[in-house]
Structure formats: C-alpha cells, structure tokens
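Data first, discussion second: the structure below is written as structure tokens.
Chain naming follows the written order as A, B and C, and within any one chain the residues start at number 1.
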Amino acid sequence: MLQQLFSPSVQHTLDVIGIFVFAISGALMGVRKNFDVFGIAVLAEVTALGGGLFRDLIIGAVPPAAFTDLGYFITPLLAALMVVFLHPHVERIQVAVNVFDAAGLGLFCVAGTIKAYEYGLGLTQSATLGLATAVGGGVLRDVLANEVPSLLRWDRDLYAVPAIVGSTMAVLCLRYDVLTPVTSGLAVVTAFVLRLLAMKYHWRAPRAWNRRSTVREE
Amino acid sequence: MLQQLFSPSVQHTLDVIGIFVFAISGALMGVRKNFDVFGIAVLAEVTALGGGLFRDLIIGAVPPAAFTDLGYFITPLLAALMVVFLHPHVERIQVAVNVFDAAGLGLFCVAGTIKAYEYGLGLTQSATLGLATAVGGGVLRDVLANEVPSLLRWDRDLYAVPAIVGSTMAVLCLRYDVLTPVTSGLAVVTAFVLRLLAMKYHWRAPRAWNRRSTVREE
Amino acid sequence: MLQQLFSPSVQHTLDVIGIFVFAISGALMGVRKNFDVFGIAVLAEVTALGGGLFRDLIIGAVPPAAFTDLGYFITPLLAALMVVFLHPHVERIQVAVNVFDAAGLGLFCVAGTIKAYEYGLGLTQSATLGLATAVGGGVLRDVLANEVPSLLRWDRDLYAVPAIVGSTMAVLCLRYDVLTPVTSGLAVVTAFVLRLLAMKYHWRAPRAWNRRSTVREE
C-alpha cells in the first residue's frame, strides 16, 4: 500500500500540495482565456483532479479518489479563489508556481504508478498510468481551453520525459521489491529535478526526423 | 430511490424530455458547424447523454443508463432528424428551445445529484456530480465542435449557477431527510426559473478580480 | 466468445494490425501538427487504443484491454517510431495507409460490437459501441490536435456509415444466432469495401436539409 511508504498524513499532505499547484496552473489558464469565476474554478478542478480521475476509471477504483476525499475537491476551489483575487501576483511568482508544478509532476507520476500496480496492472502499464496521472489533468485543461495540449508541442520544455523517468524508477523499485519511502522519494525527486533542469536549460524533444533535417534554424 | 420521488413513468418522461431538448441544442450546433447528418446525430447523442454517462462512469453504474435504456438512445436521433429537416424553424423558436434547455438543466442537476447520493457519494460530491450531469453534455458538445465551452466563458448568461443552486437544494433535502416529490420538484423549478431569469436579464459571473478592475467598460 | 470466431492467435493478429494502422494515422497527424516525438507517440497511442478504451469503460471491462495486453500498448509505439523516421515515405504511401485504416475500421466495428454484446448490452447498444470502438480513437486524435473531428465534417468521405453497416451486420448475426467466422468475416469485409468505395468515389453524407437547398454549389 502507498500508505506504507509514507505515513498517511504525510502522503495526504503531499497529494494536496500536488493538487493545489496543478489547480493554480488551471486557474491561471482560465484567467488568461478570460473565463468567469466559475469557469476558472472548473478549470482548476479539472487540471488538478483529471489525471487521477482517468487513472481511477481505468483501474476500476470507483468512485475515484477525487469524489471520495473532500479535501481533494475543496483544494482546487481554494486555489481558484486565490488566483481570482491575486492573479497578477501569482503570475509574478510564475517561477514559484513552476517549481511547485514540477513537484506535483514528480509526486503524481510516482503515486499514480504505485496505485496502478496495487490494482494489479503490469509494470509497463503501471508506469504508463503514472505518466497519465501526472500529465492528464494538464491535457484536459488545454483541451477545455481549446488549445493544443502543451504536452504535445515541440516548442515546450520537456514535461513528459521527467514523469516517464520517475514512473520508470518507481516501476523498477516495484519489480525488484525495493520500494521504500527512500527509493520512492528518490524517484519523486529525480522527476522533479529533471523537470526543473528542462525548464532552466530549455530541453526539448526532437520532432519527426525528416522535418527536423530540412527545416532551417529559426 | 429516485423512483419513489415520482412514479417511474413520470420520471422517465421527464428524463426523455430533458434528453430531447439537450439533443436539439447539440444538433443545432452541428448544423451551425456545417456537419453532415451523421455528425449532427453524433453531436445530438453526445450532448444529450454525455453528462449522465460521465456521472455513471464515476459512480460505477455500468453499463450507463445511456446504454441500457433504448429510449434514451433513440430520443437524440429523433431530435437530430427534426433539426436536420426543420432547423430554420427550430432556430426561429430558439426561445422555446432555451426554455426547454433550462428545464433540462433543472431536471438533470437534481436527478444527477440524487442518483450519485444513492450510489454512496458524499453530499458535496453528489451535488458536484449533479452539476456535471447537467452541464457535462454541453461541454462535450463544444469540445467536439472545437469551440471554447460556453459554460466557461464570461460573456454567456449564467448557466452553472442555477444548476449549482438546484443541486445544493437537492443535497440539503437529502441531508435533512426531507426529499419528497414536492421538495425535489421545488429544486428543479428553482434551477429552471433562475436560468430563465439569467437569460432574460443577462446575468453574468464576474471574471478575475484585477482583470475586471483594470479593463475598460466595453 | 470472440475467441470462438477466430482462433485466438488469428484474432490477436487482426487486432494488432488494426491498432497498428490506426496508430499510423495518429502519428502522421502528430507530424503534421509539428509535435515532438513524445507528442507523436501519445497521439499514436490515443488514436489506436482510444475507441476500445471507451468501449471497455462503458461495459465495465476494467482494466481495459489496452492496459492488460502489452502488445496492444507497444504496437502504437512502433508505429510512431516508424512514422518519425520514415514519414515522407509513409505519406507517399498514403493510399496503402488508407486501405489499412479501412481494414482497421472493419475489424474494430465488428469486434467492438461482439464484445459489447458479450457483456450483456442490447443489440442496438452493441452496434453503437461497435461504431464507437471503430471511430472513437480518431475523434480523440482530432480533439487532441485541436481540430474539428474529421468524423463529423461533411466534406470528408463517408467513414461512420461503413462502420454502421458492419456493426449492424454483426448485430443481425447475433440476433439470428448465425455468428460464425464466415458471417463475421463478411461483416468486416463489407465495412472495409464500403469504406474503400467511399474514398474512391468520394461518397459524402448530406448536410441539414435547408442549408443544402439554399447554398450554391461550390
């Protein structure tokens, strides 16, 4: 059980932090798209809970955690409220938001992987669902905002790769039966740091081969 | 049980009416987007059944009602057929469509809330799923039509708020054990009337604080 | 059981072929939208597995086949890899891709219908889910690429209709208890050939009545 990795209250606190920072990214998108306060709240909820919701539907964990834990539901509303009243400040502290978002990415990819594995999925599939947990909410956010998902675009810093690394590390720990708070924490931190480095150095993934080779540098 | 609120046949009739009017809004969107008749039918189905489908997946009621009740499935096809042949008339009677859509909103938010509660969800979560039942189809309609969901836009009359009020009233009735055909009917009518008033007086929700205060009146 | 229709290995091979060609169409869309290699892989996965995933969630077959069969998961990655390195060639052989895609359409609409029926859905609903299995991945592909789903557009050759015919034939076989490898194969081939003919002769579905009658030929 995931609860054995960290004490339940620590785990819950980490989850809520991840939900909070993801919700802020959703709420900020709502502000940028000129949505009203309800639209901002909806986007905060979807961004924060969408990835875990998808995972829980796939593994058959219904009702999903998003609909059983009241704290998970209320946290995005608080984030939305904060953004509605303070959004120039939140945007000014975009760096801090990005750091927290990277932390959410690390937490969610590892926690999602472990939960999927607990529900009996294979190792590869568990890692895939861990990735989906971490990035799914952001994809839904962009779809609802009628934009091409940031995850898929080549002109954005690496986002999926750090989560893939974190999920893979978690799965290797499960495979070799060495999953402890230390090793899973290491997976979280690795994904977190990789994402920070990707943002700092603008690491990007290549595009399709022939396009890349024929397009001029711009 | 919901069936105890109204007689089963009355309940079913109300459901079918709600599905029908939501389907009309979906089919009209399909006409506006210049879709072919199959696209119009798909959009009618998705708009009418999408919200309930989402709710049923969340609460684990599979297969969802949309796939067990043949009437629920055929009704949107009839609505699509009607729109395909009569759409200038349907658009001319847009006022009537809006009134029915408001009725659908009221019916679905209350029925969705009660069904979620019956499946063991908490009060807040039940109200949230009631809201999702009422507005989910319209969001899917807009996503498939590649538009920003009308629900999220600040320049549209209040749509979520009437449903939130209706869901909340239903949840309070459940909480204080006073759910009867009269009280639940009252919740439906309240949401319905609020939506009508929102359309009549163009009630809108505020946007984010600082944006509103710095943007000139337009 | 579906496995009784074809030998399990034949059935699995057919599934993998269908997944492969759908994945190619997703990966090509990713190249066109200028996504990076991870975006291309995601789009390949979603296009290939999205329809079956939706079906499995609806009928309660969790975890869905896409998350239990490793071959189903890896096949789209291979397709994406191929497209990334060879995409001008893949585009040059667009005709071949279209033929395979038509084969995937035929296979998936029949296999989806039969699986839904096995899980206890009614005949009409089974046919509908068969259609959704065949076309769902393509719709998700277009939504993620931020385009109007090709399925819904009037200016595209018939795509849903061949799948509807195939699903209906499968359902009639189930209804009259004559489902054999021969009859189900006939349903697959019919859908396949109809799609090929629709592409060859640019068959299109009509739009809404009054629009069609008043718009000039263009």
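Following the convention adopted for this analysis, contacts are C-beta pairs under 8 Å (C-beta built on N, C-alpha and C of every residue); 3 or more make two chains touch, one makes a residue touch a chain.
In UniProt terms the chains read A, B, C = Trimeric intracellular cation channel family protein.
Note that the structure is predicted; figures quoted are calculated from it, not measured.
Two copies of one sequence, chain A and chain B, touch each other mainly through non-matching residues, since under half of the numbers at the interface are common to both. Between chain A and chain C, the superposing rotation on Cα atoms measures out at 120°, rounded to the nearest 5. One finds 30 Å separating the Cα centroids of chain A and chain B. Touching two or more other chains at once are residues 57, 143, 146 of chain A.
Across the complex, chain A meets chain C through its residues 57-60, 119-122, 124-125, 128-129, 139, 143, 146-149, 151-154, 160-161, 204-211.
Note for the complex: chain A touches chain B at residues 30-31, 33-40, 42-43, 53, 57, 62-64, 67-68, 70, 73-74, 83-88, 143-146.
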